[in-house]
Amino acid sequence: MLKFILQRVLSMILVVLIVATATFFMMRMLPSGPFAREKKLPAQIIQNLEARYHLDDPLWKQYIDYMGNLVRGDLGPSFKYTNRTVNSIINDGFPVSATLGVVAVLLSVAIGIPLGIWGALKQNGWQDNFVMFIALLGVSVPNFIMAVLLMLVFGLWLHVLPVAGWGSVTQVILPAFTLAGYPIAFIARLVRSSMIEVLRQEYITTARAKGISERLVILRHALRNILIPVVTVLGPLIASVFTGSFVVEKIFAIPGLGRYYVTSINDRDYTTILGVTIFYSALLVFMNFLVDLTYAWLDPRIRYVERKVS
Amino acid sequence: MTTKAGWEFKEGTLPDAGAFAPASKNSGDLQQIAGRPTTYWSDAIRRVRRNKLAVIGFWVIVALFVIAIVGPMLSPYTYAEQDLTNTYQSPTLRHPFGTDQLGRDQMTRVLYGSRISLAVGVVCAALNFAIGVTYGGIAAYFGGRVDNIMMRIVDILYGIPTLIIVILLTVLFKDRGVNPLVNVFIAIGLTYWLPMARIVRGEILSLKEREFALAAKTIGAPNNRILFKHLIPNAMGPIIVTVTLEVPSAIFTEAFLSYIGLGVSAPVASWGVLASDGTEAIRSFPYLVVFPALAISLTMFAFNFLGDGLRDALDPRLRQ
Amino acid sequence: MRRVLSVVLMVALVAASLFGAVSCSTASKAVVQEVTYNLGTEPATIDPALSQGIPEANVILQVFDGLTRIDKDNMPQPAIAESWVISDDQKTYTFTLRDAVWTNGTPVTAYDFEYAWIRALAPETASQYAYQLYYIKGGEAFNMSVKVEDKYYVQAVDAQGNPVTKKQGDKDVPVPDMTKEIVPSRDVAVKALDDKTLQVTLESPTVYFLNLTAFPTLMPVCKAVVSTNDKWAADVTNFVTNGPFTLTEWSHNDKMTFVKNSTYWDKDSVKLDKITYLMVTDESTALSMFQNGQMDVGSTVPLAELPKLVASGDAKIFPYLGTYYYMFNVTKKPFDDVRVRKALTLAIDRNAIVTSITQGGQVAALAYVPYGIADATPGSDFRRVGGTFYKDNDIAAAKALLAEAGYPDGKGFPAFTILYNTSSAHKSIAEAIQQMWSKNLGITCTLKVEEWGVYLDDRNNLNYEVARAGWIGDYMDPNTFLDMFVTNGGNNGTGWGNKAYDADIAKAKATSDPVARMATLHDAEKILMTDMPIMPVYFYTNPVLITKHVMNFYQSTLGFVDWKNAYME
């Protein structure tokens, strides 16, 4: 196991480096640069800007310089937001996105799992159809419509929640529900589906036959098995929700990290593109690593080290 | 439009740990279980037909396709015909879905849009299915180093910003004269099979250690047979849940792609484009978003009902 | 979904209201002199020299005071400069400064202006608006100089007059001409004669120079602070300013807070105690917050809601110095034929576009330079003097021209593409124009949308046939619209060139007599509208969400907001 962990950590670092390298060269292939404007800047001013940010160096040198700084944890200055570094952009934005992310993930789990179990227990009953209906609605209404609907209904018409903004507890509710919409639906569907299968297994029948109460059957025997898909879902979910969603942060005017994943590319703000991409992919490989570890813990038969005899 | 959470979070897997595969009636003859494809499929179809919701789903899908083909021809308007003196008309008998910001008949636009959105939904779901299931299955089945390398490649593709890839594709496809829908298929096929691969891989990791798989191996069944005839059919549950949930994601992804410049160009509009354009006018003219959104939901429900029926029918453990 | 949501939300709300956390900020409208404004985006910087556009300007103009300040009639009025004398050749301006102080208590001097302008021009500052200082003698040369260690040199040129570069590693570096050193204090003609006197000499007479002294890039900075701390504008702590308000809080992507500056020289005319800037990018969200009482003024209005909001008085339409136009790539057939360009220009119904699509009080453009720029004689308007150059929706004439060009009823007209960038407004306009050309002329074309950077790249490389474009003026003079179309001009973008036009623009630059100068510019516009490398569509407007409690709100035709004289009622 130790060998496996060591191998994985090394390959994770490699993954992040490859992502950084690929993104570095791909983004430089994008048409236009950070100083392209509808009102074109005079050539001399562009040259001054490129000199200031060392964009007039050969590409390989820029790459080596960037990687050198990256190793030291320095993500460089933002080209768009003069006077700001990419480190400070992440430092400011990540806590906000992560706060919202924690709430959204908790909502997804706390609502998705019970809904799925409920649906499975009443398979094909009205409760099941109700769960299915909610789940499908959550998936077929995209978050940009969901966000606007929630805002209009609860913010503008019912006046029960602030329309948008960040800073108070009540301002978390609407964006968190918008973010959780898809995961709730997805988790509920998966839990229902695997619960139905688990409930048909012999060991459950055996447990029931022994006269163990239904609640205990669910909690002690079935739950552990349906936790595996939930954990698989949660890994990338946490990575992507914690680093923020562009749509949700834009619509609810939340000062998080999510908007930079899109605006930095539109602005061709090279250092910011790389910084947020590296940050996200590092979090993602780490979460996927945790997922694999959790697999092994939940289902001891899963092995990652190659067996000698096969 | 880019819903990072929406696309990237399509993860899920159902390794049925602890569940012994019901080694059907005659467990000495495991090799034969998947060995009769014709019976397997005809059996499956028979079982789907017994599922009322699945049948409804099937006929709704058929109806949607017929409407997509015939509908625009029957309409007295065309999807592009404008009437700048009749913009933003509420639904009436003449315009059952109202008119849009250029006075175009919204119903005709929704009907025409179904051609693009249905094509995108079906083809992309199929692409995700083919690429993702094969890739994830191979990674998990061979395990160890193969798994580590293949899944790290998935991590890398996950990490590179999709927006950059998509913009580069628009540059690459420029002036190539390729059918714009093909560009959409390529863009989605390149980047959106990743969640499916992870799901299948998680599932197979658990399944391949079960007795029935080990038994098949022991009696010398070839690898591809074990993977495709024994393991993947057992993972059909989560695969079908994922595929059906990817239909609406693909429809909305197409809308995002068309904003960047990949896909059909205006004035043709898919459901996704109509819905997101309509959202901008949602306060005063909600009908502009309601009808395309309803169309997407209806498609979604139909595919899911059929999907659930198929799942029950294809799951070897549920066969009697 | 919503049913479950509402149940959960109700529970959450009951809990929240128990703790008294529900906030509805609609109460107390009792003439508190505070205003909340939606800036719409995070400003890229608060350093005047580095300003990139309108969001930055709308911050900088509240906290800095330049030599002049633009009044509600768009005319420059004395600010830090108490008075000025202009030499007879209209090239030398001598400003006398009033007593004013920085927020750190030190006096604002002419040396601060000299330092600020030299700093904005220095190549290593890489100011994007440095060209607004090119009017100053020696300014452009200094901005284009090559820095070697601590000294600046003119870039060497070869016999043909081409700049010389050399390979250094893999990189082309400009070669300095070591015999031609530029000493900014000597060669750039901005000079502090004493604490209170600033003398500026221009390259050529520039009638709008006083307007420019109110432009963000030309704001003074406190030399003692800025020269010793290059992070002075990184946050609010070291941000020393001299304007009507001071910036007390900057929460990135969220909000900015300004309070009245009690040391401002003209503090008695400042009535607002506090301004809060929000950075809500989504137009629909901004409208919801406005309707909910969370903001008083908003810089964006959703297109579909505009007519209703104007009717109810919640939105006001301000003039905006800009033109929305389509450009033809004159290097490609059939757009090299002026008759084709004219036919296409005549065959669209601009009135239908502004009344049915844009709906923001825009004016159909029957010429290129928009309304709102003063002509030579006081009180006159350049556009009204110049008149219009063609009729809107003149289909008969368009058909005749097209037939003359060899495409009767559009027969044989090659397929082409209209290029635009991602935006639903651009899309609607392109769709309408596509249909107008098809109906009126029998010409078919396809539409193509591109991501912003890709679109700019294609446009700049003449990799298009017809493309949308827009231009917002930088200063209140026709030149800001006209000089871009000189042959090979950086912003020309059409491949068009005309010697007579170039000569007019050059002549206007060197002419100091306003009447002769304006006549030359009118002539230039006439050449442009005869050759038609561009097809004007409409003149922009600038709609703003605004409650009726806000008085004296000023937004210039360049889009700059000034809160100095505003108050709440």
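To keep things simple, chains are lettered A, B and C as they appear, and every chain counts its residues starting from 1.
What we mean here is this: a residue touches a chain if its C-beta (ideal position, glycine included) is under 8 Å from a C-beta of that chain, and two chains touch if they have at least 3 such contacts.
Please read all numbers here as calculations on a predicted model, not as lab measurements.
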Relative to chain A, chain with the most remote C-alpha centre: C
Interface ranked first by C-beta contact pairs: A-B
Central chain (distance from its CA mean to the mean of all protein CA atoms): A
Centroid spacing, where centroids are CA-atom means, of chain A and chain C in whole angstrom: 38
Separation of mean Cα positions, chain C and chain B [Å, integer]: 46
Rounded Å distance, chain A centre to chain B centre (Cα mean): 21
Where chain A touches two or more other chains at once, by residue number: 30-31, 137, 141, 148-149, 152
Chain B, residues touching no fewer than two other chains: 167, 171, 279, 282-283
In chain C, residues with contacts to at least two other chains: 284, 451, 453-454
Residues on chain C engaged by chain A in the complex (per definition of touch): 1-2, 4-5, 8-9, 12-13, 16, 21-24, 42, 44-47, 50, 123-128, 130-131, 143-144, 169-174, 231, 233-234, 251-254, 278-282, 284-285, 288-289, 291-292, 294, 451-454, 456-458, 460, 469-472, 474, 490-491
Of all residues in chain A, those that touch chain B in their complex: 7-8, 11-12, 14-16, 18-19, 22-23, 26-27, 29-31, 132, 136-137, 139-145, 148-149, 152, 179, 182-183, 185-187, 189-190, 193-194, 197-198, 200-203, 224-225, 228-229, 232-233, 235-237, 240-241, 244-248, 258, 261-262, 265, 273, 277, 280-281, 284-285, 288, 291, 295, 298-299, 301-306, 310
Residues of chain C touching chain B in the complex: 283-284, 287, 302-305, 308, 349, 352, 356-357, 422, 424, 427-428, 430-432, 434-435, 446-451, 453-454
Residue ranges of chain B in contact with chain C within the complex: 80-82, 84-85, 87-88, 101-103, 167, 170-171, 258-261, 265-267, 277, 279-285
List of chain A residues in touch with chain C within their complex: 30-32, 35-45, 47-49, 51-52, 56-58, 60-61, 80-84, 89, 92-93, 111, 134, 137-138, 141, 148-156, 159-170, 173, 177, 181, 250-253, 255-256, 259, 266, 268
